[in-house]
Every structure is written in C-alpha cells, then in structure tokens.
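Would you mind keeping the following structure in view while I ask a few things?
Each chain gets a letter, A, B, C and D, in the order it is written, and its residues are counted from 1.
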Amino acid sequence: MNREQDLEALRRMLRIRRFEEAAMDIVRKGQGIAGSVHICIGQEAAIVGSCLALRDDDYIVGYHRSHGHPIAKGAPLGPLMAELMGRRTGVCHGKGGSMHLADFGVGSLGETAIIGAGIPQAVGAAYSARVRGTDQVALAFFGDGAANIGSFHEGLNLASVWGLGVVFVCENNLYAMSTALADTMASESIAARAAAYRMPGVVVDGQDVAAVFDAVDAAVERGRSGGGPTLVEARTYRYRDHAEYGNMDLSHRPPDEVEHWRSRDPVELFRARLLADGVAEDQLAAVAESAAGEVRAAVAFAKRSPQPAPEELFEDLWATPLDAAPAEASR
Amino acid sequence: MRTMSYREALREAMLEEMRRDPAVVVFCEDGRFWTMPTNGFVDEFGPDRVPVMPISEEGFTGAAIGAAMTGLRPIVDYTIANLMYVAWDQIVNHAAKNRYLFGGQASVPIVFRAAMKYANATAAQHSDRPYPQLMNVPGLKIVVPTTPADALGLLKSAIRDDDPVVFFEPLRLWGVKGEVPDGDHLVPLGKAAIAREGRDVTVVAIGDAVPAALKAAAELARQGVELEVIDPRTLVPLDKGAILASVDKTGRLVIADPAHKTCGAAAEIAAIVAEDGFSSLRAPIARVVAPDVHPPFSPALERLMYPTPERIAAAATALVGSPKELAVP
Amino acid sequence: MRTMSYREALREAMLEEMRRDPAVVVFCEDGRFWTMPTNGFVDEFGPDRVPVMPISEEGFTGAAIGAAMTGLRPIVDYTIANLMYVAWDQIVNHAAKNRYLFGGQASVPIVFRAAMKYANATAAQHSDRPYPQLMNVPGLKIVVPTTPADALGLLKSAIRDDDPVVFFEPLRLWGVKGEVPDGDHLVPLGKAAIAREGRDVTVVAIGDAVPAALKAAAELARQGVELEVIDPRTLVPLDKGAILASVDKTGRLVIADPAHKTCGAAAEIAAIVAEDGFSSLRAPIARVVAPDVHPPFSPALERLMYPTPERIAAAATALVGSPKELAVP
Amino acid sequence: MNREQDLEALRRMLRIRRFEEAAMDIVRKGQGIAGSVHICIGQEAAIVGSCLALRDDDYIVGYHRSHGHPIAKGAPLGPLMAELMGRRTGVCHGKGGSMHLADFGVGSLGETAIIGAGIPQAVGAAYSARVRGTDQVALAFFGDGAANIGSFHEGLNLASVWGLGVVFVCENNLYAMSTALADTMASESIAARAAAYRMPGVVVDGQDVAAVFDAVDAAVERGRSGGGPTLVEARTYRYRDHAEYGNMDLSHRPPDEVEHWRSRDPVELFRARLLADGVAEDQLAAVAESAAGEVRAAVAFAKRSPQPAPEELFEDLWATPLDAAPAEASR
C-alpha cells in the first residue's frame, strides 16, 4: 500500500470500529437495534485489507458478521446504521437488518445469515462478469466455521473448474460461536484445503492490514488476469462474543489466548506502524476524528429516520407484481 | 401454427430467448448430452453460456443467484425435481428472499426448471411433485404447463420475468405433441386456461391431471354431466378469479392434482373457495390427489397414486348425485 | 405438579430420555454451550453421545439417519428452523423415505428439533415456520407444542417413537412457564387438546397462535361470544376427529397460524373441513395467518405478520355477525 | 487374499456379472423391469474387492449403480431380482427398485438415487457402532461424480473429526453420465482430496480385485482399530452407458479409451491370474456354473413371484401407524 492507501486503510478500520461501538451502545441502551448483532471488532484488518485490494466495481459477498464488509467496500454509513435500526431509510429499507447489510451501489451484494451460502453466490458474480465481458472479480468473505459446510467445497470447486476470478477470504477467528476450529476440522489449516481444488491457498496474519492487502492484492491480480481463484486464510480474532445477546463475554476462552490477541489489536498495530513510519500524529488524529464524525452523523441520521409504514411490509418482494395477470381467462 | 412436442417446446423457448438476450445462460448437468433439450446449445452459444456442470446443485444454484443479481438471467435445470432438495437452502433462503432482504436493490431473475419423473418407476427419490412446498414460500413464481403451446409460451415469459420462477414439467407430458402459435409466442404468468367449459362441476386440474380431467369430462358429457376443466397453469400467482368465477357458475368443485394431499395445491384451492366462494358452494369440495405415501417403485402400485379419469369422474359424479352408469376406459 | 418453562421442559425431556435409553444421542452445533438446553449434557453422557458438531447440517443429518437405521435414536437440533433447508435433501429424500424405500427393513427414529425464531427481529433467513412444507412430505410426524407440559410430554413421546418426528418450537414460547405433571409425563402424538371449550366459533390455533386465541376468547366471552380453541399439537398425524367434532358443534371455523398462507397448515385444515365437515359449516372458513411475504427485520413491520388476539377476534366476530364493540388489548 | 477368498471373489464377481446380464435381458425383452437400470459391469473388482475385506456385520451404503454392492456383500439374489421386477417378494417389497437395493440382513443399508447422500449415512453407521460399543466399520461406495458434492466434503470431515471407522470407496469410472471427471474437478485425483481431512487417500487399480482387497483391507483394519477413516479411489470403467434407456452405447467415448478398459476386464484378468497361479480350470468352471445357476434361480423366483396387492401401497411407510392416537381429545 502507498501512503494514501495507508491512511484510507486506517480510516476504514476506524469507521468499522466506531460504527460497531456506536451500535453496541444503542443495543446496550435499548435505543432501537433489535435482533442478533454480530460485532467484528478485532477483525478490521482482515476485512479492510481485503476490500482495499478491490476496485469499486468489484463484488463482495459476506456473512452474518456483516457490518465491516460494506463499510470496508466504501458504503456510506448512514443507511447502514438506519438499517440496523430497522428504519425505512435503511440500505435495505429495514428488511434485512444487521445480518443482511448490502449496498449494491458499491458492489456489496449482501450478507447472509446462512453459513457458507454466500460462497457460491460470489462465484456466480465472477461468472457473470466473464459472460458479460468485464474483468470484475468477486470476493467472498466467510468464517472458519464455514469451511466445513458443503457450499465451501462446491463453491471452491466450481470457481476452480470454471477458472473464475474469485478470491475466497476466510476470516479465521478460531471459533464458530463457542466451538473451536481445532475440534471440527482435522486439516492443518483452512488454506491447506485449497490444494483439493488445485488453487493457491495462503495463510496471512489477519491483524496486519498491509499483509492482508498484499495477499489479497496478488489474488485479485491473478483472478483479474484469468489466473483463477485463490483461497486466503486471514488468522484473526473477535474481541466480543458471538453476538450481543446480553451477559456474553469471553470468559469461556483461555485468558492468555484472549490477552495475546488483544495485544495485537489491528487498529493499534497499524497506527503504531504508521507513526513509526513517520506519519504525523496530527494526520492520524484527523483520520480518527473524521471517522468518528461520520459515525456520529450516521447515528443521528438513523435516529431521526422514520419507521417504515405498514404498507411497506409488502414492498420489495416482487420485481414484477403478482397481479400483473390480465383478468380474462381462456386458452 | 406449428406442431411440436412439449419437449421440443422447452428447447424452442430456451433457444429463442438465448438468441434474443445474451444474458440468458443455462446451468444443467450433462446439458450438452443428447438426451437433454439443451443438446447442441454449446455449439451455438459457447461454453461460457452453457458451462460444464459438476454435480453441485447447491453450489451452482448459489452461483446462479450471484449471476442473476449481477445482470444475467440463468436457467437452472435440475433435470429431476427431487434434486431441488439438495439446493433447497439456496432456492428458499436466498433466491426467494434476496430481493426482499436487500430492500429491492437487486432482483433474482432465474428460471428453475424441474422435470417431475413420477409415474415412471423411478421410486420415491426421483418422483416428487414438490410445488406445494414451494407455494408456501413467498417470492417464487410457480408454473406447471400442460401443453406444448403453454410450455413454450410460459417458459419464454418465465425467462423474461425479473423474479425467480420455478418451472415444473410433468415428464409424462414431454412426449405429447400439440399445436403452437407461430412467432414470438408468450403466455402470461398468472393466467388460468379454461381447458373445457361446462356448467355442472368445476374441475381444477394441475399438471397431467389436466388431460385426465379432459378425458373424464368427455366421458361424463355423454352421460349429461358437464365438467368445466380449469388449468391454472401458474400456481403462484394463482388466477383465483377464474376459479371462483367457475365455482360460482357450477357450485361444485373437484381439484385434481398429482401432488400429495396434505398442504398440497389442492388444499390451497379448497381453502380459497371455502373462504371466498363459500356462498357459491352447493356440495362439499373433493380432492382427487396422490395419497400421503411415497411413490413406490413397483408400477403395479405406482399406478394407484395419481388422478385418473376414473377417479376424477367418480368424484365429480358423487358431487352431482349419481347419474347413469359410468364407463370411462 | 412441577412448574417449569417450555425451555426447561425441552431440557428435562431430553435428560429423562437419555437417562432411560443409552441409544439416545444429541447432534447440535454448540450443544454444549451455556445458551443451549443441552448445556452440561456432555458431562453426564460423555462426548460420544453429545459429539462436537461441525457446521455441516447436511452431513450430520445424514449421519443421524445412518445411526438411526443401525440402532440409535438421535435428536438432531437445528437450533433455527431455517437451517433445515440446508439439510432438506436428507430430511425429505432420506429420513422420510428410507423406511418405505427399503420395504420396512429399517426404521428411522430421529427427532428433528427446530426452534422457530420468528417475531424476534432476525429477518427472513432466520424466521421461517416451515412445517407446512414438511406436512406435504409423507413419512414425517410433525409436532408443534405450545405449553411446557406438552413440550415435555410430546418430546418424550417423539424420542420414543420409531418414526422420524419433526419438533417445531416457537422460540417466543421458550420462556413461558407452566405446570407440568410429575413422573414420566407422556403426551401421545396425534391427539389434539381442547384448550378452551365454546359453542360459537371453533378456532384451530397453531403454535403461539394458541395463547393469542385464548386471549381473544377471553375477550369475546365478555361480549357473549364463546370461542372453542383447539390446539392440534401434532400436525401429522392431525386429529381430524377433534376438529370436525368441534365444527359440527359451532358451525364456524377460524384457523390461526403464524405460518405463511399459501399451502399452509391452515389451508389443509380448511380443506378437510370443506370436504368432510361441509354440512356443519354455517359460514365461510377464515384463515388468520401470516401473509405471503417474508418476515422483515424491522420490528415495526414484523409485528404485522402473525396472528394476534385482535386479528383472531375480528375474524371470529365477522363469522358470527357483529356483536358489541370489541376491546381486545 | 487366500485361495478360498480368491474363489469367493471370483464367485461374487460372476454373480454380479450374470445378474446384470440377466437384468439387461429382461429389460431388452420388456419382461418386467421398469425404470432406470444402471449396470456396473466392468466395475466388479472394485466392488467385490471392497466387500470381501468386510465382516458380515460391517455396513455398506451405496448409490444408484446399486446391484453390485449388496451382491458383493453376500445378499441372496432372488429377492434382489424380484425387487428389480417390482414384486412383493422383492427385498424392498417392490418399493425401491433398481436404484434402492438394500439387504439389512447382510449389512447393506441401502442404495440412494441422490448423488453423495449415502456418504454421511455411512459415517452415521460407524458412529452408531462406536456408541453401541461394537467394532463394526462402515463402507461408503460412491462414484467420481459424487466427489464434487457437499455431502462428500461434510461426510469426510465428520468421519475424520470424530475418528470413525469408515472406508470411503470411490468407484472412479471417469464419467458422471456423459461428463468426464477431468472437466468437473481440478484436483489431481479424488484420493488427493483426503489430505483436506487429514486422512490417508490411496489410488488403486480398480480392475484388480486383489489390489482393491488389499487397499480396503488395510483401511478396514485401520478403521476397526480406532485409526480413523480412509479414502480409497478405485480407478475403473463401466462397460455400458449410464443407464439402460434404449439405444445408449459408448459411441461418445474415445474408442481407444473404451478398447483399453475392455482389455482390462476385471473378471477376465482375475480368472487369468488364478489359472496362472495354478488353480484348476475345472474349479473355475464350477464357480462360474454355480454363479450362473444362482442367477437363473433368482430370475425364476422373481418371475413367479406375485405383483404386490393394492393395499401394499400403504405398507412400510410408518413404523408406528398414524392412527395410533386415542380418540379422546382434551388437555
């Protein structure tokens, strides 16, 4: 990454961090975020490093831990926060909520609450690009838990056989809910599974945004130039428990494990690196303040947005309405 | 007018639409094989639009969804309706829901083709008629054509529709020939056909129960009982108006459907009429459907499963009282 | 009598049956986690009977079938009903069919548990009520208990049953407490409960529409309209006798069900009555169900989806003509 | 294999061959086998070599190309042939037919028409053995086409994580219907995919019954003694097209490929080996005659068996009937 990209990486990581802190605050205070909220704090480098390697018109598909992906892809924050609050101004008109953020305007094709299901959808987006004659690539985010489900296998095989420009990014945070990856997968690493599809598989330090960028950038380059798919496993950690469902903490994790990963906070690590590289403290503070300001504005926007009206229940279901059929009935 | 088989109509519809619109692609295992209606398509449209397909129903259905959300119009051919179950999550949780979940940001224009191999001695895992299950899922349009003209016209409409359409084909009808209008023949979704007019009993028939109902009607006509046979053609959206209007005329309703009874399409049609056409009804509603047991392999048993002209005639006759002796072959 | 929550009843049923029968095992992702009703089971029953579960719904459902055909009695907990779609092929093409396909050589005694998280702001991919889809599949018994006593007694019966049983739990009811008989409390499958007797309108209510119907009944009673509330508890086999007997008494039927309308359980119940109870009916049948649209995330919209006491009372009132003003809270 | 096993191997291969020839004959003459019939002629060594390595109480699960598996596991032929003819004496009472043979009496837990679906079921049978405290192993047969479906991935992973005694035997006949494996799988071999689950994967000559036996025997030994699962890929070929649906031949295959595999007929190869090893011609002829006689008897049994009576349509669905509920209805 060049300096400009460095600062953009920091900005996007901070947007995610502040956005999620604000969301947790609203949840805690009961101010209007309902349902399951999965926080990705701790994983920002894996997410942002990946998205920064993409073009604006490239595609991403994500999963239930969904806030970071569209933010990292460049989505405006207001409609995302309004979505979490179920407002009509939400990016999905309040239909999707926290697990289903999507902003097609920035190539974010949506997040799914079904583990693994987004993987083949990303393959389809890359296939679509080829048929339409563009060189867009598609990136699928998924968790370590998804590596044991059928769609992972089928999606990777399809991308490989069809030679598509897909980057599979596993945010391996070591756990699926309470279950340690080591207990559910005998393979040495998720990246090692790439060999079963004759595609490159790489493990990267998911707390190091530049390392993630480099790995994904190479994969994107490969994909865009017709070299086929790549599997990137970013080793990372989430700092909150699975979801914000009250009195959840990380007490069931080994304390030294938690300590180790907290000491490798991706935002702190990167800020320290930039300082060491000679970036001025002021500049970093300005980036931080702008991110925080965007989040404050997004929260304000969401809170003042109206609830959807009852008739909106029936909107957005059909592209062409059901009663389009003429009344006359004859063969 | 042209004459073609149902199977040729399927091929013709796909050919015409693929020529018309470069966004149309076909996903089908062995789709290039000589037994398939898409045989030869790869030569005309190239391997990108007719890609080789691993046995990965879940995967390629997901891929179709990703493609549909980004500008293509995939036709996904499961070849056997039961294989949809392998991809059920992608069909039900994603294809049917994504437009709604994402607030209308993208549509999912896919046609899911599913041949139903029942009455073909392929046993329970290859003989299902799963449209009732999918009728319970909002967001999917559901079509069951019964003539070559409707197969052609509805498949073309389905391919052009911006919503996911599930297209069920009774394999028994694939070989049936019929007249098909020339030119760009489109049949709109959501519009029933009155396959035969009659004043005494309405028979709403689905799939290959339509030809069975027409046979029953021809037989009963000789005895002075006139059946009105309605082929909904599209199950979602269902042309309720056509059904209610007919029951309003006849006062009696038989529903003939090769799918299972419980929570079937026939149950829905009965419920609609019991709700909105109650005052027209002069007799109980009768369902002539498959019993709630799996299709057995043995042809000696499987032929007891589905609506026949005899069963339909008997049900209709019971509703009007008992006229002269029946002699349906 | 003991007092326990629905959730505690689920735990108690599994505990009692696992203690009683070493063939009972539990498949559940994160089943050992403190949020789950099976938390702590591994300490008592060991890791073989409560194995660690990768996210592989299709795989572990298939494994449960293989285990069931060879002597075990697995309880498969999907934790969220929508996740069954991932395993649909194994449930529909195999668990439901294998006994029949193999001529009765083996049974498939599995309980599939599925919590339904609707009315909980988890949006379309986590809020389904898929029992109507499975009611269309022969070979599966289907249960939707609504009280702690029934949750306990039906889950124990389901675990002892030699056929596959799908056990749907409205998550909204997990926290509800109630009295439960002491001892080995079993409730037979296939037997409805008359949750309240009444002479004017039969309300067949499913899942958490039962408490809603009871509220509506209490309110209408003050206005002199007596609802009879029937909780089928088991949807397959359905206690048709209890429903038909009630309609025979009241002449009027409302069906209240949080599942989608088209081809739903309410459609089936309506069809049964339109076929076999037609002569008892004095008014059209009314369905108070979820509209055919997905559950939206936004609580402001989602609360419009499911049957409420108001909607049930309004439907019942419309059937009896319009009595005095309603004031359901 | 010892000499006794050699002769048993030959006998079982010949049973399969003659059985299927008889079935094809009945199909051709329209004498009462309906539906899809998938012939495994050419693959007998892979099937028999695998089953001979099992104990009688071990389990097998198979797929649509189903005749060979129960025969190789030792099932009596009469009820199998009666099943193909849909008779009430069929092993599945005429409910299953050609794609669903099963004989639980010899540990054959059934064949499925859904690609890949039997794989996790075999895993479950092995799991069941462990919970019940037996040392039975389970063997899953599947085709090369099944290696791309989710159940393969999930099944192998589960068996590996749970450390179960499962042997996964892929009958790789190079094609799935008309589709060449090379077009749908980028991996070097199916066996290579075993590494993704940290289990051994071996490729074996599927035309050599002794080689298959040795590979599967080692895998069974491993599984039985708690060493976990193994993936065995038997390279083989089917001599008929996908199914017996009239005018199907192998004309769409490269002629020299067909020629090559026909020259490696597993029955002929093994007979030649035994002769070279000094087994008397007479002895081989006696084995051949006994197999042929069993098949003739099976056909006769099937043909004279009655069709099922109409009420049998409703039998075998429920273990406990639906109307078991008492009439009384109250809470």
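Here is the rule we go by: a residue touches a chain if its C-beta (ideal position, glycine included) is under 8 Å from a C-beta of that chain, and two chains touch if they have at least 3 such contacts.
Keep in mind the model is a prediction, meaning the values are calculated, not measured.
J.: Would you say C-D or A-C is joined by more C-beta pairs in contact?
T.: C-D
J.: Determine, using the mean of C-alpha atoms as each chain's centre, which chain is farthest from subunit B.
T.: Relative to subunit B, the chain with the farthest C-alpha centre is A.
J.: CA centre of subunit B versus CA centre of subunit D: separation in Å?
T.: Distance between chain centres, rounded to whole Å: 35 Å.
J.: Using mean C-alpha positions as chain centres, tell me how far subunit B is from subunit C in Å, no decimals.
T.: 30
J.: With chain centres defined as C-alpha means, what is the inter-centre distance between subunit C and subunit D in Å?
T.: Taking the mean C-alpha position of each chain, the two centres sit 39 Å apart.
J.: Among all residues of subunit D, which ones touch two or more of the remaining chains?
T.: Only 90, 92, 94-96, 100, 112, 114, 148-151, 153-154, 157, 161, 183-185, 317 qualify.
J.: Return the residues of subunit C touching two or more other chains; collapse runs of consecutive numbers into ranges.
T.: 52, 54, 56, 58-59, 82, 85-86, 89, 93-94, 100-101, 123-125, 138-139, 236, 293-294, 296
J.: Write out the stretch or stretches of subunit C touching subunit D in their complex.
T.: Touching subunit D: residues 22-23, 25, 48-49, 51-52, 54, 56, 58-72, 89-90, 93-94, 98-107, 109, 138-139, 141, 147, 150, 161-163, 188-195, 231, 234, 236-237, 239, 241-242, 245 of subunit C.
J.: Give the list of subunit C residues in touch with subunit B in this complex.
T.: Per the touch definition, subunit C meets subunit B at residues 82, 85-86, 88-89, 92-94, 96-97, 100-101, 123-125, 128, 130, 132-133, 135-139, 236, 238, 259-260, 262-268, 270-271, 273-276, 278-279, 281, 283-287, 292-294, 296.
J.: Under the stated contact criterion, what part of subunit B meets subunit D in this complex?
T.: Result: residues 29-30, 32-35, 52-59, 82-83, 85-86, 120-126, 291, 293-294, 296-301, 304-305 of subunit B touch subunit D.
J.: Touching residues of subunit A toward subunit B in the complex: what are they?
T.: The touching residues are 59, 61, 90-96, 100, 102-104, 109-110, 112, 114, 117-132, 138, 150-151, 153-155, 157-158, 161-162, 315-320, 322-331.
J.: Could you list, by residue number, the parts of subunit A that touch subunit D in their complex?
T.: Within the complex, subunit A touches subunit D at residues 148-154, 157, 160-161, 183-188, 192-193, 195-199.
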